[in-house]
Amino acid sequence: MDFELSDDQVALCDGIRDLCQGRFDIDTVRGLADCGGVDRRLWGELADTGVFSLVASEEEGGVGLGWAEAGLVFEQLGRALMPGPLVGTLLAAGVVDDEVVGFMERPSGPGLVEYPDVIDALLVLDEHGVWRVDAAELSVEPAQSVDPLTPVGRVAVLPQGQQLQSDCYGWANRAVYLCSALQVGLAAGARELAVAYAKERRQFDKPIGQFQAVKHTCADMYSREEVARAALYYAGCVMDATCGPGVASDPSGYLYFEGSVVHPGDPLGDAECGELVRAVSGARILAASAADRNGKDCVQVHGGMGFTWEVDAHLYLKRAWALTPQFGSLDRHADRMADSVGADQFGRGAPLG
Amino acid sequence: MDIRFTADELAFRDELRSWLGAVLPTLGDPPERDDWPGRREWDTGWQQMLYEAGYAGINWPSEFGGRGSTPTEHLIFLEETTRMGAPYVGMNFVAQLHAGPTLILEATAEQQARHLPAMLRGDEVWCQGFSEPNAGSDLASLSTRAVRDRDHYVVTGQKIWTSFGHVADYCELLVRTDPEAPKHRGITWLICPMDLPGIEVRPIATVAGSSEFCEVFFDEVRIPVANRVGDENDGWRVAMVTFSFERGTAFISELLGTMNQLAEMAEMARKSSRNGSTAWHSAWEDDEIRREIGRLQAEYDALWALTKRVVSQAQRTGMPGPGGSVFKLYYADVKKRMADLAHRLLEREALVLAEGGDEQTGGDMAASRLYVLSLSIAAGTSEIQRNIIGERILGLPKDR
Amino acid sequence: MDFELSDDQVALCDGIRDLCQGRFDIDTVRGLADCGGVDRRLWGELADTGVFSLVASEEEGGVGLGWAEAGLVFEQLGRALMPGPLVGTLLAAGVVDDEVVGFMERPSGPGLVEYPDVIDALLVLDEHGVWRVDAAELSVEPAQSVDPLTPVGRVAVLPQGQQLQSDCYGWANRAVYLCSALQVGLAAGARELAVAYAKERRQFDKPIGQFQAVKHTCADMYSREEVARAALYYAGCVMDATCGPGVASDPSGYLYFEGSVVHPGDPLGDAECGELVRAVSGARILAASAADRNGKDCVQVHGGMGFTWEVDAHLYLKRAWALTPQFGSLDRHADRMADSVGADQFGRGAPLG
Amino acid sequence: MDIRFTADELAFRDELRSWLGAVLPTLGDPPERDDWPGRREWDTGWQQMLYEAGYAGINWPSEFGGRGSTPTEHLIFLEETTRMGAPYVGMNFVAQLHAGPTLILEATAEQQARHLPAMLRGDEVWCQGFSEPNAGSDLASLSTRAVRDRDHYVVTGQKIWTSFGHVADYCELLVRTDPEAPKHRGITWLICPMDLPGIEVRPIATVAGSSEFCEVFFDEVRIPVANRVGDENDGWRVAMVTFSFERGTAFISELLGTMNQLAEMAEMARKSSRNGSTAWHSAWEDDEIRREIGRLQAEYDALWALTKRVVSQAQRTGMPGPGGSVFKLYYADVKKRMADLAHRLLEREALVLAEGGDEQTGGDMAASRLYVLSLSIAAGTSEIQRNIIGERILGLPKDR
C-alpha cells in the first residue's frame, strides 16, 4: 500500500495548477461567462494538454493514465473554477470526435442543458445506455442560471439521439467520480480564499483569523476538504483497480438505476464490484457537502464582501450547487451507501482490506 | 401571559384589514427589480397612502406626526400588511425606522420640522452612511474624515453597504471629527444631502446580481454645520439612541414571509414526484423531507412566539428583551436550512433563477438561497451576535 | 396581547426556585438516587406546595391555575433536576388518590416502567383512554438506567388496569407539554452551569469564557433555550385558551395515535384545535433538542471535568434523554408538525393571529 | 497512489491471521469492567502472547526488541486484531505507545535495559502523569513541584486523568523543576515507581460510572534523580518527542470497531419496527434513518481512507501528514451523530444500560452515547484541535 501521490502524480498536479494559473487566471475564467462558458481557442489549449484524453488508451489517441490521475486533474480544474462541459468532454474522448461535449441524464420531461450555446454534441445517459445528440438538433430556450459560469437552457423534449454504448452504469459512475473531483477542488479553492482573507483582513486591530470564530471555521473547512479528498482518492484507486486502463471488464456495478444489480460474471467478484459503487457514492456525498459548506463558509468569512459579485467566494458555492444535483441526488447516493452497510456485505468488516 | 389580542387590538386590526382590503387592489403591478425610478415611486407612493390613512410613523410619537401605536399594534400592522401582500417598507426603511427616530430624539426643532413631515409623507428617501470598507464588524473604527471649515464640515472618505444610496435624498452620515480621541469618542452624526458636489455613488453588485447596495465616495464634500445632529464628537451615542425605538418588530415581515414560503414548499413537496429508493413517489412521502418541513415549522412558530415575547417586553418596559440578538442569530441558521431543503426539492431546477422572482419574500427559491447568505452577515454578523449574547446577556468576559 | 409573565407568575417561579434551592439542593437531589428517586417525606413537602394540584380545580382540591403556570413550575423543577414521576402525579391530581403516580404509554410488548420501586399507581395511556394499574400488580425486573435519577424496571406484560377516562388525546398533549417544560428547565440549568464554569475556569491565563469557542457555545446554548422557552410558553397559552380551567370542552385534538382526527364539535373550532397540537408538538421538538444539545455543550465546556460523575453536567443530559422518547418520538411530532403546514391549514398564514 | 497491499504486506497479514486464528479461541472470556486484577492479567497476558509470537513493540525498532514493522504493517496489525476480536491494547497503552517510545529516544542505556524488555513482555504497566486539574488544554502550565534534595526530587502536587493509575507499576511524570522559567522551560520528565511512599491514587467516576481514570496525589514523594529522563527542565521536549513515533495509527481499532457497530445498527434497523406516520414499518424503511446510516458509512469509509493516507505519508517521510488532528476532530463529530441515531432507533430502550456491555467497542449503544462525549475532550479537545489546524496547518495567527 502506498496511498500517497507518486512523483509523476505530483508533477501532473503541479502542471495543471501552473496551466490554470498561467492561462486560466480568475479574470480569464470570469470572462468566459460572456462566451457561453467556452472559448474555442482556450478550450483547444486545454485539450492540447491532454486533460480530456487522459484516460483514453494510447490506441484511442489518449494518454492512457488512470482514473486516479483524472481525479487529480479534475480537482485542479475545480480549484481553478474552470467552466465548460469538462466531465462530458473527458468521457467522450475516444468515443466521439466532437471537441466540446455535454453529458447529462435523460430527464423524464423537459430538461436543462448546460453550456447550450457552445457544445458540439450532447451525450445523454439513460437506462439503455449512452446516446449522442447533435447540438444542432437541440431546440433550447434561454434560462438564467444561478451560476454565471454554468449557463443553462431549457429543452422541452430531448431528442433520442444515436446510441453509442449500451453500458450505462460505468458511465454514470465515472461522471459521479469526476463531479466529485471538481467539488473537492472547489472545496479547496474556497478554503484557500477564506484563509488568505482571514490573514489579511483586520478588524478590532487584529487579523480576523486570530479570532477563534474565524479560525475554527477555517479549520473545519480544511477538515472537510481533507476527508473528502481522501474519499475521492480512494474512489480513484478502486476505479483503477476494477475498471481502469488495462483492466479487462468494466464491473462498475449498480449505481442509481432502478432494479439494477451488481454486474454478474465480474472477474473481481461481487465484493470489489459493490465496493466501487460504495467508494464512488461515498466520495460524491462528502465532496458535494465539502464544496457546499466550504463555499458558504468562504462567503461568511468574507463578511459583507462575501456577498458581493466582485469577490470570488460565490463562484465556488454556485459551481458546487450546479454540480450537486447531477447524476443521482445525494439522497440516492446515501441510499446506495446504506444498501452496502452490513457486516457480511463484503464478507469483511471494512472495504478492500 | 396571554397571547390573545385585546378588544382594542382586534379593533385596530379589523380597521386596518378593511383599509388594506380596499386599497391594495388599486395598486397595480410592482416595478421590476432594477427599475429604480419605478421602485422609488412605488415605495414612496405607498408611504403617502399610509400617511393619508393615518398609518405612517406607526411607532413615532403623535407629537411628531406619528400614530403613537403600541408595540402590539405595530406587530399587528406588520402582520396584516405582510399577510395581505401590501408593499414592503422598502426604501422608506431608513427614514421610517432609523433616521426619523434619531431626529425625534436628538435633532433641533428646526431640523425636525424640516425633515420629519417629509419623511412621513414619503417625500424624502434616506440612506445610511455608517459602514466603511475597513469598518464593518468594528464599526467604531470608521475613518471618513470631517474637517471643520468655519460653518461647514469638509468630508472625505468612503462608505459602503448604503442601501438605495443612488436614489436617496439624504444620508445619515457618521464621520470622524476627532482622530485623536478614543475611537467611540471622535464621531459626529450629520444630515448629508445626497446632491452635494463631491459625492459619487456606485452600486455594488451582490451575489444575486442585484444592486440595492451602494458605495458612496466623499471628496471634500461641504456639509453645513447646521446639519449636525447632537454635539460634535457625540455621534456614536446619537447613532445608538435609535435602539430605544426598537421593539422587537424588525423581522416580523421577513418571518411571516418565510412561513408563507414554507407553506408553498410543503405544497410543492406534496405535488412533486421523486425517484426514491424503491419507486417514484411524492417528495412529501420522503420521511426526511417531510419531517424537515415539520421541524422548520416548529422553529418558525417558536421564533414567532419569541417575537411576541420581545414585543410584549417592549410594551411593558419600553425596552425590548434580549431576544433580538437571539432571534437574528437563530433565524439565519434556520432559514439556511430551509434554503438547503428547497434546493434538495428542486433538484436540477434549483440551477435556474426565475425571471423577475423576488429573492426575499418568496416566489424564487433558487434566488432565496443566495439571499439567505446575507442573513448571517448584514446588520451584525452571527459571530458578532454571539459575542453580544455571550458578553452582554451572559456576562462572559470580552476578548477584544 | 401580553405575552410576558404576570407579577403572579413571576412570584410563582420565584417561589418554586426558592423551594428547590432550599429543600432540594443538588446534594439532596443526588441522594434521591438511593431511594428509588422519591423520598416520601420530601415528596409530601413538594406536594404540599401545590405543584401537583396546580391545575386541578378548587372543587377537586386543586389550586385552579392554568397550564401556563404548570409549565412555569415544571420548568423550575427541570432546572433543579427534580426526580420522581412528576408528570403523572400532576395529571393524576383530582383523578386518583395516589400520592406518587407514574404515567406511560402502553407498550406493544414488554415495557420499561420508571420509578418502579416508589410509585403507588401507574397510569397507562392507550388509544382507548387512561387506565390505572396498582403498583402492587406490577411484576418488575430490575434494569440499569442510564440516568441515576430516573430508575427503570422491565415489565413483561403491563396489566390492563382499570379505566379512568376514555379521552386519550388530552392526556397525551398535556404529558407532552409537561415533558417539554421539564426539558426547557434542563436546557436552562445546563446553560447556567456552563456559563458559571466558563467564567471561573482559567486556562492560558484567561477565563475560558473569553475564548470565542467557549463564548459562542454558551451563546448558542442561551439562544436554543430562549427559543424553546418561547415555544413552551406559547403552548401553555394555547392550552389555557382551549382546554384550561374554565374552558368547557377539551378539544385537545389529535396528537400521535393512528387515524385520530381533530376532535369534532369543539366550540373553538378546528383551527384552534389543530393549533393546540401544533403548539405542543412544536414545543416538544424544540425543548427536547435544546435540552439534549445544551446538555452536551455543558459537558464539552467543562472539558475533562464534564466527563466526571462528580460534575452535574451529565445529569442534565441524561434526564433530557430519559424524557425525549416519552409520549411520541420526536419523529412523530415532526410528522404532526408537517401535517399542519399549509397556507390554508388554519385559514390564515400564522397561528392564533 | 495504490491502496492495494504488496505481496510482502499480504504475507504479513496472512501469517498474522493464522496466528490469531490459532490463539484467539484459547483466550476464554474477558474480565468484567470493574475487575481490575482480572483486567491487568488479561491485558498483560495478551501482551506476553504478542511478545512470544514476535508481535510486541510492532512499531519499536528491532534493536530495542521491537518488530520494527512499517506503518502499513502496523495498520494491518491493528486492522486484523480488531477484525478478529483480539484483546485491545488496554492498560499496555502507555508503555507500548508513549513511555516506551520516549525511553527509546531519550533514556539512558541503563534505563532502557531496565524497562524496555519488561514493557514488551507485559511485565510492567505504565500510566501517564501529565494533566493536572489546572493544566488541561493548557498542559504546559502544570504546577506539580519537584524540589531537588541531593540525589532525589521531592515531588508534591496532583495529577488527573491518569488511566489505570491504580494498577500501574510506573508513571511517566511531568513535574515543574523551575517555577521561574517560562512555562515550557521549567518542566522535567521522571520515571516514577507507583509504590513510593506519599503517592495516593483515587479513581475518578466517569459519567458512565466506570473508573479507569484516576487522580494521583503526590505528597513529598522522593524520586531518585537517576529516574530522570533527559535533562532537568527539558521535560517538555522529552514529552513531545514521542510524537515522532506517531504514524497515524492511533484510531484504527476505534474506527474499525465503530464500522462494525454501524453494521450492527443497520441490521437492527432492518429487523426493527417503528410506528411511522402512516403504518408500522421497519426503521430501515424510514428514509431519514436509512440514509443517515448510509451517510455515516460514507464518512467512516472516508476516515478510513484518510487513515491510509496518513499512514502512507508516515511510511514515506517518517512523519505522519497533517491528517491526525483532522481525523480526531472529524471523527468525534461523526461518531456523535451515530450515537444520536442509535438513541433514535432504540427509542425508550435507550434508557437501559446493558449488563456488562462495553461502551467503547460496541455491544451497548446506550453506554456508547456516554462514551462518545469524551471523544471531543480527551487527548486535546476539539477546540484545541481546531486551533492546531488553524495555526500550524493553515498558518493563522495565534490568539493566546
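Structure notes:
Labels A, B, C and D are assigned to the chains in the order they are written; within every chain, residues are numbered from 1.
Basically, a residue touches a chain if its C-beta (ideal position, glycine included) is under 8 Å from a C-beta of that chain, and two chains touch if they have at least 3 such contacts.
Bear in mind the structure is a predicted one, so any value in this text is a computation, not a measurement.
Counting C-beta pairs in contact, the pair that comes out ahead of the other among A-B and B-C is B-C. In terms of the distance between Cα centroids, chain A is separated most widely from C.
Centre-to-centre, using mean CA coordinates, chain A is 39 Å away from chain B.
One finds 49 Å separating the Cα centroids of chain A and chain C. Note on chain placement: the centre of chain B and the centre of chain C lie 37 Å apart, centres being C-alpha means. Per-chain Cα centroids separate chain B from chain D by 52 Å. Among the residues of chain A, those in touch with two or more other chains are 206, 211-214, 216, 331, 335. Residues of chain B found to touch two or more other chains are 277, 286-288, 290-291, 383, 386, 399. On the side of chain C, the complex with chain A involves touching residues 211-213, 216. Residue ranges on chain D touching chain B, taken from their complex, read 276-277, 286-291.
The touching residues of chain C, counted against chain B in their complex, run 1-6, 9, 68, 195, 198-199, 206-207, 209-212, 214-216, 218-220, 222-224, 226-228, 230-231, 233-234, 236-238, 241, 278-279, 281-283, 285-286, 331, 333-343, 345, 348-353. By the touch criterion stated above, chain C contacts chain D in their complex at residues 107, 111-112, 143-147, 150, 152, 154, 202-204, 211, 213-214, 258, 296, 299-300, 303-304, 306-310, 313-314, 321-322, 324-326, 329-332, 335. Chain B meets chain C in the complex at residues 1-6, 9, 72, 75, 79, 82-83, 256, 259-260, 262-264, 266-267, 287, 290-295, 297-299, 301-306, 308-309, 311-313, 315-316, 322-323, 326, 329-330, 383, 385-387, 389-391, 393-399.
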